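Presented sequentially are two complexes of chain A, the first with chain B as partner and the second with chain C.
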Partner chain A sequence: MTAKKWITVLALLAPGVGLIAVMIGTVIYMAVAQSLGYYSLMGESEFSFEFWDKMLGRKAYYKSVRFSIYIGFFSALFSVALAYPLAIWLRKPFNGSLLIGAVLKAPLLVPGLVAAFLFINVISYNGILNQFMQWIGFWDAPHRLQNDRNGYGILVLQTWKNMPFALLLLTGAVQSISDDVLDAARDLGAGTMARFRKIIAPLTISSMQAALVIIFIGAVADFSFQVIAGPTNRQSLAQFMVFFKDSGRWHDAAVVGVTLMAVALIGSALLAFATRIILKGGRIK
Partner chain B sequence: MSTIDIDRLEMRFGNFTALKDISVSVKEGEFVTLLGPSGCGKTTLLKLISGFLKPTNGTIKIANEDVTLTPPEHRDTALCFQSYALFPHLTIKDNIEFGLKQKRVNGSERKQRLQDMAGQLALDAQLDKLPNQLSGGQQQRVALGRALIMRPGVILFDEPLSNLDAKLRDSVRVEIRRIQQENNLTAVYVTHDQSEALAMSDRVMVLNGGVIEQVAPPETLYNAPSTSFVADFIGGANIMNAEVTGETEPGVWALQTPIGEMVSKSDRTPAAKHIKVCWRPEAVKLVDSPVNSFTARVTERQFQGSYTDLFVDIGGNGYRLKTSDPGIYPGENINCSIEPSDLILLEAIQ
Partner chain C sequence: MKQATINKILMYSLITVCAVWLIIPFTMAVLWSLVDPVEPWTADKLLPPVMSTYRWAYMWENSSLRPALFNSYVLAPSAAIVTLLLASPTAYALGRIQFPGREVAKLITLLPLVVPGFVTAIFFSSIIFQLGLHAWRFGAILFAHSVILMPYAIRIMTVSFEQVRQDHIDAARDLGATTIERWKVAYMPALKPGIMAALLIVFIQSIEEFAIAFIVGSPSFVTVPTLLFSTLGQDFVRPNAAVLALILIVPNVIMMLILERLLKSANPSLSSGKG
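This part shows the complex of A and B:
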């Protein structure tokens, strides 16, 4: 394309893309600038690496980064891993499949906070789950399940909440694969796993990537599930950020915020890239 | 050693019986065609043999082993889909090699077989392309190659040539037959094109409404159809009702027909007193004869080049004749006769 054409295209795109760029750009710029000492709400505004320096010296910061990545990665992984078999199962309509599909997607309609409250009720010390496990004789005494140290509670909640979204994306993709193509693979000796790995997954890779990335970004930045059901000995990045903000330390909050954005961006890029590498043996197209 | 033995096979979908009481054996290396009108159950039978459907009754053996309940991935069959069903995300090379990789055939052998197959099907230049970059005929050949490269005991084709133009169809047809014979593959080939069936097959199995009408070599099917359905479906025939009035000498039957008294020379014993009989349009001789002769009035003429189709009226009924004489026109009366052996005895009238 010639320069003139480029300019035309850019001019045509400017009203739409420009607005989006300005809106996103402002937020990012603000966060980055604030993390570097500008836009101080109290006291002097001046450029300084001081806040980054101090932050990078805190153990809790690294813990928080690791924990958020862990939650984001496994939430995305479990949601997609659960959604795939369901999407394949619901590929062909059968009696009741519409109802099952609707029930499976119900969590999309339940606000996360409400779900988290219900969840801790169920797993609480005297909750239904403990009583049930004792009743069937599996456990002798109630277990303490709330706010477990590994964040399993959060993973359950994140998966519960996000699986329907992955299902929504994957169902359409899986349905677009023709029966004959799957039958042909089967006829050539591909069993269930081989059909998934060699046919279904590569043909639905875009939807899979979209689901992984969107769920990852959401879960990395989790705040509400963490506050209610998360471990008390570590904080997610969002929680960490709010902690600084609440104590009036805006520059530290901004440092964590910028970190969160970077983690979301780099993490999703890596995730999307890894998916492609694993499924296509490195071939990009 | 791949034979196919199908015994009293039945396939029902709910209340609908798609196949009924199918029993047939295919020898090793034999090329059998399934021929029949749309909806008669051809694809269903193929899916039963390849394992995508489980019969509601009966058994299927491949190489003397009962595979009725064996899933497709564990049967020594390869199916060539009517819709090609190529893997859209894989290159032609990967498509063709898919089954070999699945079977863990080692790299050098795979390479050799791929080369041979690509050469045979003229696909050498296409190997690095994706399926949607190929023409319909090329895709068809990839589908063939993908199945053939497996060298399966049994190869199944579901109307593999239906999307090709006439010229390409002829050459691919020859190609399929050659590869099948070279590798001594047992083949079942579905088509609704009767000329394809006659030209390619060792035997043809005619299906109608889920039941076998006749299984026979092409020549037998043409010269001695056993039912009026087969007679009409293969090559066309004039079918009449007849009453058997007696056996004038061994194997010669006197008949009362709408076009007069006739005799038929046949190995078959008439199935009943009232039966159907048929004669081929091209079996008629335009000469008088002491037996089986009649006079026909020509009502319509269609010149076809090497022969001429005549539509005639005999005693108020319409029939078709084929003649090499282009000089006969509507309105003329012609004397015709049929050899007793060309008057074929068919099924009883119900």
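This part shows the complex of A and C:
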């Protein structure tokens, strides 16, 4: 490539990729620098591990890390596990499959906060779910379902919101598998599970990894679902970070922010790696 | 059992589940937004005893709904236009020029999706504080929305630029078309659906974006999502929250339907009228 062409390419990339790299790069740099004592908004700025030291001594910090990983992992797992059979079922068009696809993807249109509101409306103490369970005689009295201690409510919400996204990615991947391959496997005596394990899963692994990773990153950094529907005795990492920021403790917020980025990055890599390892055994050699 | 029968059973059961999943929550929201304060809707009543549009009028008159709607609906189209303008040159380079490091550049465009939203929001607000720009909230949020939503616009526009047919450009050139005319006759017909799709998707994402609007905008700059969030907090009044939730979702559904039509028509040969 000539120097002139390079200059043209760089000039074209500058407002898009360039701006993204500068802004996100600065955000990451700021988070790391503030976690190490720099850029203090109040007081002196100097290099120090003090904020990390103090944070690593807090029980609430570990609790928050564990809780965020738990929400991120299970949200990704449930969304993909639910989306797979639906994607396989919708692989070939049939009467009504378009309607089903549209209904299943509908939660994509619902903003997260609205989803959280709809959910707490249904599960509230005097809400329709409690009323229904009493009406069918399953429960004698209403149960307190909102802000449950184990975060099951958030997992339901996350799965509701993210399953359509996983479905979108997996449907495309599953549809691209040719009939010949599946027919050949069937002719060789492979049952439904064997076809999934040995053909469908390995051939759609990239989409599965993409869905798992993107859902994991979103759910691990969840703030709004946690604040509205999550347990009151635990905090997600994003909630913990906002708490410090609101108290003016930017360095502590930065430590939690860097942790959140590290958890998102390492967690995504492990998820993608684990998926490959698990499915490797099922590969056709 | 035949495959068709299995499909039928599965379809009916799924539609039932989805009806429960979608229709009940939304019906509840609509009913809650119509509860008249004269008589509350208690657990022993199937429907609200008195229904009116009082809550809608109340929210319009007495909450920050008007400034929130104004802010959201000025911010989102501005973000859509700015994002498209910033994304298009990069998309052109990624879609039509072969250069070393193109795949790396494509990966870098995904950065805003990989860094958690609240981390971006908090440390972006920290940068704004450091630069002393915290009073300029609208501009800061507009800038941040344009950058974090750029991956969508770059991706859509890159595909659109890839779909512009070289023979159309060459034909226009052979017939003596100037650069602007070539853009008009060869590029624009193929790019149009992509441009509309990019504008709409950034608009929708900006309307519902919460983290940056909440962190950078607090406390003076209100958008519909931040207002809904505050309504769901300590001063939770269910009927008021229902009004806001419905206001937030209705334009989304309409625009997503338009988007779906646009994406279906995003075929360059169809849109340019040439096979």
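We take it that the second predicted complex is superposed on the first by the 260 of 285 C-alpha atoms of A that agree within 3 Å, B and C clash if a C-alpha of one lies under 4 Å from a C-alpha of the other, contacts with A are read in each partner's own complex, and residues count from 1 in each chain.
The criterion applied here is as follows: a contact is a pair of C-beta atoms (placed from the backbone, for glycine too) under 8 Å apart; a residue touches a chain by one contact, two chains touch by 3 or more.
What you see is a predicted model, and the numbers here were worked out from it, not measured in a lab.
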- Task: In the superposition on chain A, see if there is space for chain B and chain C together, and answer fit or clash.
- Result: fit
- Query: Between chain B (first) and chain C (second), which does A:84 come into contact with in this model arrangement: first, second, both, or neither?
  - Reply: neither
- Message: For A:184 in the superposed arrangement: first (chain B), second (chain C), both or neither?
- Response: first
- Between chain B (first) and chain C (second), which, if any, makes contact with A:26: first, second, both or neither? second
- Query: In the superposed arrangement, which partner chain does A:240 touch: chain B (first), chain C (second), both, or neither?
  - Reply: neither
- Task: Check the residue A:67 against both partner chains and state whether it touches chain B (first), chain C (second), both, or neither.
- Result: neither
- Would you sort A:264 into first (chain B), second (chain C), both or neither based on which partner it touches? second
- Examine A:52 and indicate which partner it touches, taking first as chain B and second as chain C; both and neither are also allowed. neither
- Message: After the superposition on chain A, what is the angle at the C-alpha centre of chain A formed with the C-alpha centres of chain B and chain C, rounded to the nearest 10 degrees?
- Response: 90
- Task: For A:216, select first, second, both or neither according to whether it touches chain B, chain C, the two together, or no partner.
- Result: neither
- chain A residues touched by each partner, larger count belonging to chain B or chain C: C
- chain B and chain C, closest CA-CA distance after overlay, in Å? 8
- Query: Where on chain A do the contacts with chain B and the contacts with chain C coincide?
  - Reply: none
- In the complex formed with chain C, which residues of chain A make contact? 1, 5-6, 8-9, 11-17, 19-21, 23-24, 26-28, 30-31, 34, 39, 41, 89, 94-96, 99-100, 103-104, 106-114, 116-122, 126-128, 131, 160, 214, 217, 220-221, 223-224, 227-228, 238, 241-242, 245, 250, 253-254, 257, 260-261, 264-265, 268
- Note: in the complex, chain B contacts chain A through residues 50, 52, 71-74, 77-79, 81, 83-89, 98-99, 102-103, 146, 150
- Item | chain A - residues contacting chain B, complex | 178, 180-181, 183-191, 194, 198-199, 202-203
- Sort out for me which residues of chain C touch chain A in the complex. 4, 7, 10-11, 14-15, 18, 21-22, 24-26, 28-29, 32, 42-43, 85-93, 97, 99-100, 105, 108-109, 111-120, 122-127, 129-130, 144, 147, 150-151, 154, 207-208, 210-211, 215, 225, 228-229, 232-233, 238, 241-242, 245, 248-249, 252-253, 256
